[in-house]
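Chains: A, B and C, in written order; residue numbering restarts at 1 for each.
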């Protein structure tokens, strides 16, 4: 695709960076360090990589402020990742093309569908569904009755949006994700049979959220399961009924969150972490990958382990864990020595040092 | 939806509870404590919540037997969760509507489909498929050749039922679940290449089972992978070939069970637990979230950890784990002291206490 | 299905095994030990099972070389699993039936589709898609624009192949798998908002790879995420952007691999293992189930635990872990004893042993 080219000075202004070299260099796209060439901009995020700047064939480069020995044209910024994200987004942005509703899609009755949409073949919309402006529904998407979807939403192939669920603006949901499956709620009778508790709530996803492929977000038992603005959720994540995920949260792949747990804003939850039910994580909590948390965490807490403990402690404890066999040996040896000493010091014993002369 | 209202006395009888207050109060639905209002019943499951009974705006409330200071009308029961599950199910039950087979569904040859079914657009049925009474197939469901599905089954969007698999009565399977994918079985040749072992068995799911969204249940290598009556399986669970899950089992989200492992009845397996292959869990085994089990477990065992150990031991071991760095310090200090003592006690040494006077 | 029967001598030759008994026995299929009957061949993989050879009703049996007391006809081989895989594959192989493109499939423009394909109803192909010979696409499969698929590929129900992704020959992908979802890449601005980094690379899957149900493989940020020849990936696995999986790797269910991590050939990664980002595993690395790895591993390393340590150490450490409460007690007891001893040895104290006489 022939993209419009931008002057390097424009790009530097966009990211509020310091321009080095030729402001008139024309840039038509972004590529990674090793493959970038003429007419492209690339980036180095850390200084080690900067050592190889002479190997770079790109027309310009985004570098961290601390990097001073620059070859050729560059933009110096505090956060190269952020700058490249913004510049790259500029180049790859596609204008929305309103293809309308394909005749091979299935649309229920009483739907409110904006004029500007792109609904693929093999999409299914139930009854009374509302779709905002510039919504893109890929093949195999199923939207159940009474769901409400905002503007500029993209649902990739085979995504399911459950009955009555609400999706905000600028939300992207990747293939196979299931929004609004039933929560896992049962009551057990005297014979050990599990009686299903009806799950009559919904899922609400606020603006600017992204949900990964094959992720599952259960509807609430009552009320709503709630993903707040700007949260980013990776693939194969499980969020139980009535979970609340705070603004700008990051949930890495395969995280599981049990029912009724809530988080503050800007939490970072590593891959394969499990959160128990009915707990709350404060703002800015960070949890290392594979940890298990079953207690509330204060704002700013950084934890690791199963069960999770302060990350600094965990680093030392896990180092000690690898030395446990040695500790067992040392402890045994100490016990032996202390027993010898005790014996040696018993009064009236021939082998006590006091009697030795 | 205008539900039929029920007298409180009827509801109390349904759950074998003790009626307190006005038996003639009319109830039209169930809501949670904070949102319930006029004409609704709600519940408190624990006594702490009971302290706020005066804030309740519901027309009646389900309370535990131990709660004695009741304001207004109530039903007292041993297990409020069970009572609310039964009463709520009564109110939300929808009569089955036999919409038949939508013309936009694809149906193979020689299928046996009961008269009363609801098959959505964009459903695919292979050849020789059998569907019982009151089966509901949502859009995107794919049922392969020779599968057999019982009565009152609901398959949500994009569920796959593999060739020859058998689904019992009153089974619900949530969106994206895959029943009957191939087991992960290979034999490795002398060059390190993996030769696929054909997976020719099926999956059999018995009556009253519920399977969560995007869960995968592999077909058997030979014979059947078998989910027995009443088992409830959460989202994103993985069950390998030839696994047997006992009656009334509860498997929480993201559990993984390796091939040929079996469980007794009424087991409870916490979220993200992994079970190794070829082991057996006895009846009523309980496994804490995130544990890893690779040995047989006796009936009634309660375990935790990786590898799993008795839960009580694990509680103490995991508490000690957080103190390992301290133990390392203490052990080092003890070694130093014991070395000093040993030295002090060596005969003929000036600093031995025996020579001190 | 009436399969062509094979003489036992033929089967022995196929697997380079030693024939015992009647070379003319006719075999029509493979079954497991307990259900195999007349006209079938079965196998025992270990000698313990061999003790029950007299209970076997199969017409022939595949046994390990070490098993010498054979009843009836048999094939003796070094690796019975490998022999049974090959013989069974011979019997279950189905000739490809080119049913063409079903009229209820949706095909974009400028696709290159080989003459011999089997494309089911409700399949969606985007524009400029290329399909090789003998490709089978099951219902609900979605192949995005510009994807390239080789020969003899099978995509089961509801598989998604993302834009521009490349699938080699003889690749099988099970239901619900998502190939080419966006990588989880964001840069965070000064307000804590996450700005998406465009994910413009692809996924490349080489020949003879098998991918499990509901597994997700993210496209690269730049370049490609790459699954090399012969790798076998189980269900519900998550592979991040720019991951490289080496030849003949085995990844068991629910494994998660963070971005830019690569493996050598013939690695074996147990169920629910997590690999951190930007690390490399050497050839033949083996990782026990549920481990967490965040450092490079040398070729041939065998590790376990979170964080992963050498497997042998882990066995001893995890055994010691269960005894930590006891160690805590012993350590406390030792401290007490050493304190007593120290006190006893202080000069001039009445209770020192040296003053005791």
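Keep this in mind: contacts are C-beta pairs under 8 Å (C-beta built on N, C-alpha and C of every residue); 3 or more make two chains touch, one makes a residue touch a chain.
These numbers come from a predicted model, not from an experiment.
S.K.: Check the residue numbers that chain A and chain C use where they touch, and answer same if over half are used by both copies, otherwise different.
M.R.: Different: when the shared numbers are divided by all numbers used, the fraction is under half.
S.K.: Would you mind reporting the rotation angle for the C-alpha fit of chain B onto chain C, rounded to the nearest 5 degrees?
M.R.: Rounded to 5 degrees, the superposing rotation is 120 degrees.
S.K.: Distance between chain A and chain C based on Cα centroids, please, to the nearest Å.
M.R.: 25
S.K.: Where in chain C do residues touch two or more other chains at once?
M.R.: Chain C, residues with two or more chain partners: 122, 140, 158, 176, 214, 236, 254, 272, 305-306, 321, 323-324, 327, 331, 334, 338, 341, 345, 353-354.
S.K.: Would you pull the chain C residues touching chain B in the complex into a rising list?
M.R.: 30-32, 35, 79, 81-86, 88-89, 91-92, 104, 120-122, 138-140, 156-158, 172, 174-176, 208, 210, 212-214, 230, 232, 234-236, 248, 250, 252-254, 265-266, 271-272, 289-290, 305-306, 318, 321-325, 327-328, 331, 334-335, 338, 341-342, 345-348, 352-354
S.K.: Show which residues of chain A lie in contact with chain B when the two form their complex.
M.R.: The contact residues of chain A facing chain B are 106, 122, 124, 140, 142, 144, 158, 160, 162, 176, 178, 181-182, 184, 186-189, 192-198, 200, 214, 216, 218, 221-223, 236, 238, 240, 254, 256, 258, 272, 274, 276, 292, 294, 305-307, 309, 313, 316-317, 320-321, 323-324, 327, 330-331, 334, 337-338, 341, 344-345, 353-354, 356-357.
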